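Every chain is named by a letter (A, B and C) in the order it is written, and numbering of its residues begins at 1.
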């Protein structure tokens, strides 16, 4: 992957704190790109980002135009029942057109390429999730202090 | 705290730009964890993040299911009067159950452990805040250039 | 600008993924402050952040109180037609009062000071944008892997 020996030392940690489609994919795309560049990648899922590794939710993430005027839909329309589902389906279709895989396949690709996937213990407790609720490729459940340890020397993104 | 001499050099700067409960606690938790690992911590509050250090608002931060489908509440319900208050109270209760202190106590703990707390001058002006509106543990009001100076060599998170 | 020779080596990369006024300006302000400190700056626009460099949208970014309880407006009011426009106009006025220029001028200042501006190829495709839809000062359209390459050794912010 990398022709540069120094890259072997480069580390990227991505904290995923949001569970919407439009905030899940940037983390997945960057993790994947980094791995393809030979960079060591760790993803840490916390708060709403837990949805990305929650077996029941990961392939059914949502998007809403509410609170996001960039989507160009008036709020008075955005609140109507069915609009979140419609916006979610539209965004999923756009992402498929770009040849990005669904969330579970994407995480599997990242894991297979050596990316580490960690769930936040505190968020597990807050959302009453158990290890068996999580996607099988998740490496471990860790606390914030452990995350600080493994992110030493890394570039860290908070998404 | 840290048994590792090198850790003394490690620095973490957290830019807090959001004022909701669910985006305030990740910064507080990470700051606290980093300090417990012997890492030098600076928090910089700007834009909506000013609410976290605003004496009148800090212990009354809110959460809303609107624009956040991860909370699992239909938008048509989310807009009803009282729903933001209800969602905020629920989230506060969940955070208490995890034994995290209220915002003012948490900031005090962080400050007592050596964490630095800075308010953004531009955001102060935009929100017409004075120094006396801020939590007493805030170290100083600084500009973006000063923040750039003190974040030299740090891992920087934008929340 | 910088009296410190070492600063010449310092790099800051800002990933702009959001297109609201209140999430566009923090990136612009930090980029500008970093350049004034002699730091090498790269801005990478992706997802909703494309609006910041979209000629038709950049000077008409919006803000909405929906999903942002920090703005202090009840959601039941926030959904009314015209409220997003009003909130956007109010925020624009506050930003002008602080003597910050409109988005196009701000990006031009950043570019003139040596800041690099890159659009994300994937986001271009997703939003059906062409090079001619982008602000003239944008240096290039690049992929996520190229972004990973040019952010080597940088402090990276995800906004």
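Observations, loosely collected:
Going forward, a residue touches a chain if its C-beta (ideal position, glycine included) is under 8 Å from a C-beta of that chain, and two chains touch if they have at least 3 such contacts.
Quick caveat, the model's predicted, so the values are computed rather than measured.
Bringing chain A onto chain B by least-squares fit of CA atoms involves turning it by 120°, to the nearest 5.
Two copies of one chain, chain A and chain C, touch each other, and the residues they use overlap weakly: the shared fraction of interface numbers falls below half.
Remark: chain A and chain B have CA centroids separated by 22 Å (rounded to whole angstrom). Note: centroid distance chain A to chain C, computed from Cα atoms, is 22 Å.
In chain B, the residues touching two or more other chains are 66-68, 78-79, 155-158. Residues of chain B touching chain C in their complex: 15, 17-20, 46-48, 51, 62-64, 66-68, 78-81, 83-84, 88, 122, 125-126, 143-145, 147-149, 151-152, 154-158.
Residues of chain C that touch chain B in their complex: 7, 10, 12, 22-23, 25-26, 29-30, 32-34, 36-37, 39, 66-71, 74-76, 78-79, 94-95, 97-98, 155-159.
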